[in-house]
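Look at the two complexes coming up: chain A is in both, with chain B in one and chain C in the other.
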Partner chain A sequence: MSRTFVGMPAFPLAARTAVADAQLRRNLGHATATIRAKRAAVVSEVQDWEALRARGAEVKDRVLANLDTYLLELEQRLTEAGATVHWARDADEANAIVVTIAGERTAADREAGRAPEVVKVKSMATQEIGLNEALEAAGIRAWETDLAELIVQLGDDLPSHILVPAIHRNRAEVRDIFRREMGRAGRPAPEDLTDEPARLAEAARLHLREKFLRAKVAVSGANFAVAETGTLVVVESEGNGRMCLTLPDTLITVVGIEKLVPTWEDLAVFLQLLPRSSTGERMNPYTSMWTGVHAREGVGDGEPVGDGPQDVHVVLVDNGRTDVLADVVGRQALRCIRCSACLNVCPVYERVGGHAYGSVYPGPIGAVLGPMMRGRRGALEQSLPYASTLCGACFDACPVRIEIPELLVHLRTQVVEHHRAPGSRGLPKPEALAMRAGAWTFADAGRYEKAQNASTLAGRLGDRLLHGRGTVGRMPGPLSAWSDARDAPVPPKQTFRQWWARTHTDTPADPRPDTHEGGVP
Partner chain B sequence: MTAEEGSARDEVLARVRAALATPGTHHPRTDVPLTVARPEGVPVPSAHASLLDLLVDRVEDYRARVVRCAPGGLADALRAALEGAESVVVPAGFDGDLLDLAGPRRVDESSLGEVHDVEGIAAVVSTATTAIAETGTIVLDHGPGQGRRGLTLLPDLHVCVVRSDQVVATVPEAVAALRPSIDQRRPLTWVSGPSATSDIELDRVEGVHGPRTLCVLLVDVAS
Partner chain C sequence: MRVALFATCFNDTMWPSTPKAVVTLLERLGCAVEFPRAQTCCGQMFTNTGYATESVPLVRSFVETFTPYDAVVVPSGSCTGSVREQHAALARRVGDAGLERAVSELAPRVHELSEFVVDVLGVTEVGAYFPHRVTYHPTCHSLRMIRVGDRPLRLLRAVRGIDLVSLPAAEECCGFGGTFVMKNPDVSVAMGSDKARHVRETGAEVLVAGDNSCLAHVGGLLSRHRAGVRTLHLAEVLAATEDAPWRPGDGVDHEVGS
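Then we have the complex of A and B:
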């Protein structure tokens, strides 16, 4: 039932559709402005925010530079604490591991004629690997329990923001989805459901409570994994995470291999950075930390009783992360803690929303992570590094100082190199040919002037054809690749030089100075 | 681990090592752990009394209730906080003498089979391990008096008793204070106000899945 991002068109095409949606733009504008203001307020409370960011980057760089050591340490601590550790090279392997465990633990339901199911805590990693689809293919229903993810799942929709995946839906749309779909998935929405957010949240509480109490298996991600202690951390707001992490018998946590922090004390840095950057709160309502299997002593006279799942699994997933690690410039993207601050400050994201980025990682960080994790061959991946004005707001907001603009330029270079490389199917792109022609023209003053005169002729012609519209729409042939994503102004009817010559008849027709002294080079 | 997974483990580790061997890697490899991070947080009042004021202010900012009392007034404060609740679950290790309850039906943790049995109980009382003034956060390590994790999750009202000598100023101080709990492999739950969501048009709504009402009883042990 859930849709996937597979086969998404290149960014400019998807952006065109998104920008034409007035409702989407209103919702996005409101949402991003609200979070920006909240974040700015709580960040300004912290006296040395910049030092904290630098520390965050430093800790993550330390992890990445010693990743093999820390992964082995985490594995050992988890195993000592009673958890089972699995490793997965890619999405398919990770999915197969989860499907196998979930299938075994729900076998009794299947035999009894009940649909096997798992409850899920919102997790970028499981979205990235397409776990819900893999579970459904194996006949296991995966219920998203985060309110926004529930809205997305019931609406047969795609998430559009890391933090608020239903940011593109307003309250009336949410009410309609709940009324229409909740009954099909379980407990129906109340008859008199209104579009008040409190009533909508109440409907979700009732709908999901029965699922939490019934579920035998939960699947989560982890915001952090502490190598030194084997402690996993989930940061959340609603309590659905706590439900999933404590009520079922089996807990399977899918963790990207870059999620580590070295020591327990290092965690303090990120517990300060993440909530303020993410939801703009001093602290998020709930943070759960668990270390393998837990028991509680002193409840009765006898043995300790179990606290939470007694069958605990951790799946460590690569899925392209080691490719990012191998890119010395790009490696810093693995510092990302998925806070989404860069989305909310991005002028491009604010207008097009998350869907146009064509993956679970939208916005500036998605434009970097997408091509690096999935490779630079697809049209979408090649277009993403250009989905930016390089204004730098994302770097300023990033709590772990990822130099996103620098990485975008780095990736643009790689896209161009890919087309230039001998043996690549790529003829040079028309853009490269145009740039080459441009360089030739600009290199000589005479050629430049001739080109200018030609363009004013085009401008005079264009003025008649376009009836004074001022911009050129779709241009023909290879030029369409440029004009499809941009409005180019109609060339002026005269150049500055022609205007000067016409209005300054007393001065020489050629205003070029003989020497360059004092002039702008 | 299956053989397949064993080879996945070896290959992922091999890929990591190959990636780190890339010439020009700019972060030197070192296994020296970082020193304890203690960046300055918000300006924190030096006097302990004002630290408690800050905690109260920050907890109330999440629209949770805070009641301050002296140790002798705790039983009364608990009775008032639980007024109107039909039933209350009491974790093992919670000081039973404090609960002189006329109203709510009392359910002891030790009488519960599995934690799912808590469903339907209206309220829960618990103690805490530490509290953070600058963020208004209460941390439970689920030791004596704090219950299995589900106990403080399923009821709609959570009444949490915090002693003033458990209050620290900043997140790094709390992390340091929680080191013994982590070394004993206890689970931790950090609670900052009641359950909340901002998923619908970013309107904050208190109460989705966890307790919709959080009441903190701050006991001033110095007074």
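Then we have the complex of A and C:
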């Protein structure tokens, strides 16, 4: 039932469609402006916000530098607490592990003729590995229980935001989706459903309640994994996560290996950074923490009695993360705590939405993580590092100080180098040639001055043709990317250095001798 | 103090009235400025498009040209950022430790115009006169890369006769982004149109910024819409006085031998 991102067109093409969608623009503009204002307000009231950001970055860098040690510590603590730890190199391995466990625990349902099912807490890691599709292929229904995630799932849609996957939908659209689709997935929406938020939430609550009470297996991600105690942490707003984490007997948690924090003291830093950055709240409504299997003493005849899930699994997933770690410049991307602040402040994201980024990670961090985790070969992956003006708003908002503009430039260089490599196909030839010729010209002032003569000549011609108007209208060829929407200035008839040479005859006029003879390198 | 003007290739070729205004302004403030003719381009467009290899010779040439000076003045936040924030990494990338050292010694002496006037010369009242309704766009690289803060606004507020109005959503990017204009034309125009709309909301007749590249983009949109708003570099506002007021047309620099 759910769609995937495979085969998405390159960013500029997808962006063209998105930019032209008036409803989308309105929905996104409204939603991002609201959340930006909320974030700004709660961040400004924290006196030492910058120090907190620096600590967040420092803790994550420490984790990444000692990832092996902390992962083994986490495994040991989890095992001691009665959880079973699984290691997955990639998406396929992780999916196979979850499908096997979920399949076994729901076998009785299958035998009784009921559809096997799991309930899910919103999780980026499980979206990244395509778990719902893998479960579905094995005949197991995966029910999303986060409200926005439910909207996306019922609407057979794709998520477009890390935190608010249905950010591209407005209330009226949500109502239509609920009315149309809820009945097929369980309890139908009431006939007289309106688009009031309270009514929509009530419909979702009633629809989901049956699923919580029935499910034997829950699947979650984790925002943090505390190595020193083996504690997993989920922060959320709606309480659906708490339901999933406590009601079913079996709990399977899929965790990216970078989600570690060494200690509870470190965790405290992130529990301050995350809610303010993501939902613009001082604290999120629900914070669930669990350490393996929980047992209570002294209930009934004094024997320990299980409390909460008694069959607890943790799947630690790599899926490209160690490749990112191997890149000394790029590894800071693994600090990301998926708060989505960078999406909300990004002027490109605000106008395009999440789908154009072609993966579950949209926006500035998606433009970085996509090519890093999936490789730089595909057309989409090669276009993503260029899906930014490098305005830097993302860095300022990022609670763990990821230098996203620098990473984008770093990736652009890799894309260019990839095409430069011998035997590579699909060269961006005209651009590469123009860049080389341009750099060759600029590398020497004499050559540069000769090239400028063409520009002043155009200026003199333009002056005659345009009868003194200072701008040019539409132009052909690649220049049309500029001139389709903007007028262009007519080049001046005299460059600055020509003016300087005439007016400042006392200063040395000659450029350095040409030291770069020998044609375009 | 030997002060060099780095005009930037874009200003030198397309917007000569801006570096001319820098010369006028600084000379008025008693600061003699030199124009080393070996200068060309900081390499930003190459670096930011992924052509780091092509940028390295430009870094080398920049360092050779400007090392003899005590201060370098740049009428562009973006090119200042390229020198201060990117040149060292480019040198490091090719493993040229000598170049990296030379860059880190030179970089702190490279100042964007408003930084130079406010911090180095210690002036905010530059004696300018500009009797027009003006709004100011801070430009991303001035704001978030080199962090000029409110220096340009402090300079503008002290200008006589100016009617300075604040720009809604001023800190949002205009959508220029160098080759972004070509690579993502639809998003660039969408962002630029919003910026142009905010400019028009102010009722200003002049949009001022510290980067002619951003101004060419927003100005090109305003001109296409026949909005009746002109763009002008900060230097040209600060250079204007009662005795030598800024005149429309100067920005296009049509008069040979002016």
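In this section, the second predicted complex is superposed on the first by the 428 of 521 C-alpha atoms of A that agree within 3 Å, B and C clash if a C-alpha of one lies under 4 Å from a C-alpha of the other, contacts with A are read in each partner's own complex, and residues count from 1 in each chain.
Note that a residue touches a chain if its C-beta (ideal position, glycine included) is under 8 Å from a C-beta of that chain, and two chains touch if they have at least 3 such contacts.
Not measured: the values here are computed from a predicted model.
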| item | value |
| --- | --- |
| Touching partner for A:I404 - first (chain B), second (chain C), both, neither | neither |
| Partner chain(s) touched by A:W500 [first = chain B, second = chain C, both, neither] | second |
| Chain B versus chain C as contact partner of A:I97, first or second or both or neither | first |
| Which superposed partner A:A125 touches (first chain B, second chain C, both, neither) | neither |
| Contacts of A:D266 with chain B and chain C, given as first, second, both or neither | first |
| Superposed model, chain A: greater residue contact from chain B or chain C | B |
| Which superposed partner A:L78 touches (first chain B, second chain C, both, neither) | neither |
| Residues of chain C touching chain A in the complex | 7, 9, 11-17, 19-20, 34-35, 37-41, 43, 45-55, 57-58, 61, 64-65, 86, 89, 140-141, 143-145, 171-173, 175-192, 216-217, 219-221, 223-224, 249, 251-254, 256-258 |
| Chain B partner contacts - residues on chain A that touch it in the complex | 27, 30-31, 34-35, 45-48, 51-52, 55, 58-59, 61-62, 64-69, 71-72, 81, 84-89, 93, 97, 145-148, 151, 164, 166, 169-171, 174, 197-198, 200-202, 204-205, 208-209, 212-213, 228-229, 231, 237-240, 242-243, 245-247, 257, 262-269, 271-272, 275, 279, 281-292, 294, 296, 298-300, 305, 307-308, 316, 318, 322-323, 325-326, 328 |
| Footprint of chain C on chain A - complex, ascending | 11-12, 15-16, 19-20, 347-348, 351-352, 383, 385-393, 395-396, 406, 409, 412-417, 420, 431-432, 435-436, 438-439, 442-445, 448, 452, 455, 463, 468, 470-471, 473, 478, 481-482, 484-497, 499-502, 504, 507-512, 516 |
| Chain A partner contacts - residues on chain B that touch it in the complex | 1, 4-5, 8-9, 11-13, 15-20, 22, 24-31, 33-34, 36-43, 58, 61-62, 92-93, 109-110, 115-116, 119, 132, 134-137, 142, 144, 147-150, 153, 171-172, 174-176, 179, 182-183, 185-203, 205, 207-211 |
